[in-house]
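Labels A, B, C and D are assigned to the chains in the order they are written; within every chain, residues are numbered from 1.
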Amino acid sequence: MSTKKIDIYPKEECGVVAVYKQKQAANLVYLGLHALQHRGQESAGIISTDGNHLFRFANMGKVSEVFSENKLRQLQGDVAIGHNRYSTTGSSFLRNAQPIRMESKFGSIALAHNGNLTNSWKLRLELEKEGSIFQTTVDTEVIVHLLARSKETTFKAALIEALTKIKGAFSLLALTKDALYAVRDVNGFRPLVLGKKAGGWVIASETCALDIVDAKYEREVKPGELIIIEDNELKSFFPFEKCKESLCIFEYIYFSRPDSTIFSRPVYDVRLKLGATLSKEFPVEADLVMPVPDSSTVSALGYSTESGIPFHIGLIRSHYIGRTFIEPDQKIRDFGAKLKYNAIEAVVKNKRVIVVDDSIMRGTTQRKIVKMLRSCGAKEIHVRISSPPTLYPCYYGIDIPTKSELIASTHTLEEIKKYLRVDSIAYLSIEGMSEACGGGHNYCMACFDGNYPVPLDSDSADSYSNQKTLFEEYEVEEN
Amino acid sequence: MSTKKIDIYPKEECGVVAVYKQKQAANLVYLGLHALQHRGQESAGIISTDGNHLFRFANMGKVSEVFSENKLRQLQGDVAIGHNRYSTTGSSFLRNAQPIRMESKFGSIALAHNGNLTNSWKLRLELEKEGSIFQTTVDTEVIVHLLARSKETTFKAALIEALTKIKGAFSLLALTKDALYAVRDVNGFRPLVLGKKAGGWVIASETCALDIVDAKYEREVKPGELIIIEDNELKSFFPFEKCKESLCIFEYIYFSRPDSTIFSRPVYDVRLKLGATLSKEFPVEADLVMPVPDSSTVSALGYSTESGIPFHIGLIRSHYIGRTFIEPDQKIRDFGAKLKYNAIEAVVKNKRVIVVDDSIMRGTTQRKIVKMLRSCGAKEIHVRISSPPTLYPCYYGIDIPTKSELIASTHTLEEIKKYLRVDSIAYLSIEGMSEACGGGHNYCMACFDGNYPVPLDSDSADSYSNQKTLFEEYEVEEN
Amino acid sequence: MSTKKIDIYPKEECGVVAVYKQKQAANLVYLGLHALQHRGQESAGIISTDGNHLFRFANMGKVSEVFSENKLRQLQGDVAIGHNRYSTTGSSFLRNAQPIRMESKFGSIALAHNGNLTNSWKLRLELEKEGSIFQTTVDTEVIVHLLARSKETTFKAALIEALTKIKGAFSLLALTKDALYAVRDVNGFRPLVLGKKAGGWVIASETCALDIVDAKYEREVKPGELIIIEDNELKSFFPFEKCKESLCIFEYIYFSRPDSTIFSRPVYDVRLKLGATLSKEFPVEADLVMPVPDSSTVSALGYSTESGIPFHIGLIRSHYIGRTFIEPDQKIRDFGAKLKYNAIEAVVKNKRVIVVDDSIMRGTTQRKIVKMLRSCGAKEIHVRISSPPTLYPCYYGIDIPTKSELIASTHTLEEIKKYLRVDSIAYLSIEGMSEACGGGHNYCMACFDGNYPVPLDSDSADSYSNQKTLFEEYEVEEN
Amino acid sequence: MSTKKIDIYPKEECGVVAVYKQKQAANLVYLGLHALQHRGQESAGIISTDGNHLFRFANMGKVSEVFSENKLRQLQGDVAIGHNRYSTTGSSFLRNAQPIRMESKFGSIALAHNGNLTNSWKLRLELEKEGSIFQTTVDTEVIVHLLARSKETTFKAALIEALTKIKGAFSLLALTKDALYAVRDVNGFRPLVLGKKAGGWVIASETCALDIVDAKYEREVKPGELIIIEDNELKSFFPFEKCKESLCIFEYIYFSRPDSTIFSRPVYDVRLKLGATLSKEFPVEADLVMPVPDSSTVSALGYSTESGIPFHIGLIRSHYIGRTFIEPDQKIRDFGAKLKYNAIEAVVKNKRVIVVDDSIMRGTTQRKIVKMLRSCGAKEIHVRISSPPTLYPCYYGIDIPTKSELIASTHTLEEIKKYLRVDSIAYLSIEGMSEACGGGHNYCMACFDGNYPVPLDSDSADSYSNQKTLFEEYEVEEN
């Protein structure tokens, strides 16, 4: 039976790109989405406009699978927005693929959204009571219905009205036949950067998407800022009530690409410092420092440089892992980790090794990696984590397990050490992390300290869940 | 460029089936849809219920292509409804495939609809102004939104309220977890029949769908009747304002299967009489009578029997024609007709032949058939049409071209004769047709006489069209 | 487990077409294959030549599914051959799709073949012993290997040498860059006709394939004739030892299209006479004559005309049946027949009906049809078969069951009558059939009289089967 | 026009795996192929045996795409072989996918082959003259035909006879119902390793495929060795004439995985030494050492360690590149390299950087990388190559361009420096490379020094090409 049951709290990690006034804008958006592929690999979509119509294509899969030359050619016009989506739940339906298009009294409108709303179920319930019919389970559709029901007479006013009603994290792109809109929530949870390219603009989640299309990085879209680009002119507005910034620190720790600049700071520099600080806080005598590739490579380098202990590649990561992999009946030791990693005996045999990783969620993968290193003859294994213990889930768009699944939330450091079977383990301190990220107090570190800048409206989600069967629940799948 | 432009007046011919309280109801609905395949071959869908959930699958294609054993198995439960769709326009998108499912305060609801509303664009415009967002271009979605916005507290009341607002032709099936609903519009344009099968009921567009599942024909669902089957009990209601019946006479002429009984009369009998009456009205001396297969076979038999002129198969029809056929650069004479028909020289050579056809729309196919018969040596060709000249389009669900394309609407009989290059041509009279159908005055013959029982709300459609781009207009196609 | 086990005696029914010197020849071959679709619906293929190269495309499916405009465009040149294949066994693999192409010392060669060899297993065994490696299970590959091993220096000589070694039924087309070859075996089992089209030629299994491309029927390719068309000139050779003709009479009874002319006689005329003779031999008092559509329609008309008993359509045949159809757990009476046929109560109720059918193999379908007619109220049912009892299998390309499955081979006429539950049953006499077909003694009637003109080399097939696992046996299927 | 033209010299890089006596052997082979994915990503296939039958599945695509759980389940038995294929030419047809299966007098036989024969065209020509018909363009089929034509009475003898006739590089696996065969050519060009797993054996191209299935590395299969595993016993034979070893040194430089041990030496160690020797031979003052990831990472580490200059990640490599990527009309500077690499300004700005790469073929990618680094502000760029100049093509299975395309073959060092626009460039010496690889003289370095241990039989290839059109040349593609 392959009908799908969806999670009531869909969490989404996404990448967004917009290109304004560039010949064949869809083609550049496609390249930008390729650069942001790490932010979402389940679906990809582009909506473009030639000033008369909005053209749309979206499908399940990676960017290179979704778009053909023929499809890009049909996405006409010199303005376009795109979206990569990663759903952390089972509800990876095609119709959830973004950007979303709607017809409205303001004409055709396209929306692409990165983030997670905290009051979407409450709003959804209210809208459904008034007769709105939902087609997807993505937060973006709540915004769509708020726009459709707005009594405002301009799209700008309706957009501001709708965004005032929603709460949580959003870096949003909107497209009409005449203008491009980009908004970042007042807390600024998710990154959004602005670039310039001869005669036009490029907006994207990270600067690596500017690099690939030869756009020059200008600045961040600021928390609470609404940018409207119309008639080749960029205007900036701040229509929302101000509040304290709370930039997602996990973008630095793990999620963003090391070649990107976000929140006005190169990720590479931050990670080097995370590693160096970790070395200062928790030094240990050893023969080599090695990363769990790829996300920990730079912080491991930082650790090595600071400590003077040689850097080595003790684990090889395979990049050929598809969506599913079949486990043999005849059990392979540490199967899941083995598909992805292989330890190198020539590197670790009879060595005291420091293994640097960015974070530990459940601890299961790390445990398998340690076993692999042991069976290759590692003499001592010291785990160093370039962030504090992950103790709380995220409500703003990062896929972090629930509290009960987080090993650091349910076990002491000593217990974790035993579980992983390592000679020592240490986590970077909150202060050390904060300092490495510039020392400011403008970060959201809720996953580490439990201080949620915007509370989750969880009651409505539960009551919604009690009242309703989501339409996706019993859809018979294509295959 | 393969973006699709849709027609503002989507015309739909459809078949619907419902099965109540039969083990594996979806499987029986599937067979019923197979029997109704002639009513729509573009998409097929089934929604079933096990009393707890509604299960849905629909896709583009014929019934045998859409459903696999695995899919039918997942459509659980002992109540189900199904739908075959033929769209006469380009907008044959998957999301237009029925049955439609919606989540509402009444729980999950499924709808399948055969017919054409005459005020759907007006209602659509009003609903959109109030913030409803449409996802398809099918009339059924108008009903869905009316239901979603109803302030009634029971589904029955909301359904009656919604159906009171719509105008035109509809034979509608609705399904909730608890009950099955069947409604036929007050004019009774489209057929809908009720059958009994041990322990349950079957409802379908034509009796051939009852035959295939061994259900016994009971009676028609009556014009204006609402049937509710709940807790194994069938209740009948007449909640709508009565009006004069106007059954679609074209179902007898062409559309229904010759082995069906609709409007309480066997189609075979009616067609035999149409042919016999035609022979009485327009006799001609000839060597043989031949039909344009398959729809005219029975009326040709009627003509032959009445006239005493031998019946022969002078044209073979191919049943292997797929969705598209590729014309060679090197032109083949009468290419389109030749793919479908081949004339038999052994039958027509040196013969005076009477060709019986059910109707003439543009006349292009008939012209090619006549050429084929001539090139096979037919000495005389007399065309006899078993219905009056088709002069007007249909607004109630039959795919008839616009007035300007209808040859009988723009040309005299003499001109048609010349265009077809035949020795004589004659159409059955309106009186003859009426008499063959039972003589009653309860038929809609608008395509022949222009008397539309329910006027088309065309102003709203045009104004809708002027204001809006339909969302489907610039969707980039999958292939 | 879906690995396939193949039958050691693959039987094949096929259609072949060749077009010489016509612009875009592949396009015309495609139309010819469409007209011959009834001869094989499992795979279709075309090989064309532009004088320099041979272009090939073949795939599983019907002609309209296999070829797109794009593919036809790539099949360049003004000479082409095509093939429709129906395999009567499970081995319907793609690589069995014809035409076959080979590279040889004579250059590229294409082969398309209709018929069944009687010594293919013996030849295969010999060839494999000498080191030939077979890739398919089709007879045609035996010819390919004989050509590859020939010591002759011209393709014509090698072809004659190879064809001299094979025995059985074949209507063969071959194509090189320079010439088109057509051969019919000395017995002339399968039909093959020659047509003329301005500036070129068309060769096909039946004349209906000439009609669709506007080619004019010239004559049969004669038994034992080798036609070579080269440099725009057609040459005829008779290089094989003569023997008595044995044209397949079953092509008239059932297999060929009623609008074709084969063996120099229109199929329609023959079928009318089969019906008329049947009426003379086995008259019966009744209210109506009805065919089992579509293959028996013309002979039923012949019976009706001769007897004066009215002709009616008492069974409707569905043309929407796909490759598989799913039977419900909840059994439907006469399920298999019901998918294909529906009886019309309005026609048969309280009537004495004569049901004309072309032949009875296992009798299962006829039994179900009789049940359907009974449940529609038929008072008397008299079955009349327009051929003699089918008693023996065919080794020359017609899909007739084994002797033990043939009802007439294992039961008396009285038993068959009881099994079918009919009031009377009668088969046409061998003399009556022979006379209707022109009275000559040049037909193969082996399925009726057991006189096989060419014996099956069955020992070698069995010994082959004992020694070897066929490579197809354990191929894991794609789906 | 998408008919394919193939190269007359198909070069293939491949990975092979065999598993003997392990429950569900196909599942382990599948994991081994996953570990060897870097050796070939165009097609993957497995043949297994349960002692009675050989089961086969192969398809185009990566391992994780080709095999489903269902397919692996059908590949029954406890012995299996598998193959990954990368074709360097256009002829990536499905039927070229390995392992190949043949039926022969020795029963069913499966073959999987890594390497390139130097006399395959000559043998092919001879075999075709004698009547063999080839179905693929892979070398393996030559072996298949030699086996089919052998007069030997045992498979072992026939295999030895066939392998004695072929010349060049081959690491071959063969499978019958009863036994597993592994052979490495007398020169030992390609690696092949033997591992042990409780109760059975595993043989693979590299040790990383042993690691993933928990097999313990035992030893290399030796040059000229034939291993037969039958009745749970491994026997070793050396039936071929001995000759000097010539192991492919390029496996160390680039092709093998850094976590593998081949030719009895860990690849990681060799690469570290290549980098260290390079630093000793060509030191330069600079701020950082960076690799062109991923293949040069270890040698860059070696350079950094030896020189004491800090190691950094100055280029990020994307792992999401699909088979094709669409270039915008609006040209992107250094498009091809940009899809794969992005330079990090935070790392290289105002720095003197040493870029370590493993080899330079055409130089085009390196030129683009240098441009990227310059535009990120690198002050000086010094390129260091961890192998000597690549001057000659490879005939033994590595995809190296022709001499005229190799920049080092057609340009001086000074010209290359100018073309790449770098401040300095240096290649490792042949002696330095040789020493890093263990100093022995048993390597094939033909791509560097032009000393080909086995000459290419190129005359026959050319004459073959002159005489024949390969059958694949004008196959119309599926899409």
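Simple rule for what comes next: contacts are C-beta pairs under 8 Å (C-beta built on N, C-alpha and C of every residue); 3 or more make two chains touch, one makes a residue touch a chain.
Quick caveat, the model's predicted, so the values are computed rather than measured.
A.B. asks: Starting at subunit B, figure out the least number of steps needed to reach subunit D through touching chains.
C.D. replies: Steps on the shortest route: 2.
A.B. asks: Which chains are in contact with both subunit A and subunit D?
C.D. replies: Chains in contact with subunit A as well as subunit D: not a single one.
A.B. asks: If I superpose subunit C onto subunit D using their CA atoms, what angle of rotation comes out, to the nearest 5 degrees?
C.D. replies: 180
A.B. asks: Roughly how far is subunit A from subunit B, going centre to centre by Cα mean, in whole Å?
C.D. replies: The separation of the two C-alpha centroids amounts to 50 Å.
A.B. asks: Distance-wise, how many Å sit between the C-alpha centres of subunit A and subunit C, to the nearest whole number?
C.D. replies: So the centre of subunit A lies 61 Å away from the centre of subunit C.
A.B. asks: Averaged over CA atoms, how far is the centre of subunit B from the centre of subunit C? Could you give it in whole Å?
C.D. replies: Distance between chain centres: 36 Å.
A.B. asks: Mind pulling the residue numbers of subunit D that touch at least two other chains?
C.D. replies: Within subunit D, no residue contacts more than one other chain.
A.B. asks: Please name which positions on subunit D make contact with subunit C in the complex.
C.D. replies: 1-3, 53-57, 59, 71, 74-75, 95, 101-105, 107-108, 128-135, 144-145, 148-150, 468-471, 473-476, 478
A.B. asks: Can you name the residues of subunit D that touch subunit A in the complex?
C.D. replies: 22-24, 27-28, 30-31, 34-35, 37-38, 41, 62-65, 67-69, 72, 208, 211-214, 257-259, 261, 266, 268-269, 297-298, 301, 305, 310-313, 316, 318-326, 328-330, 332-333, 338-339, 342-347
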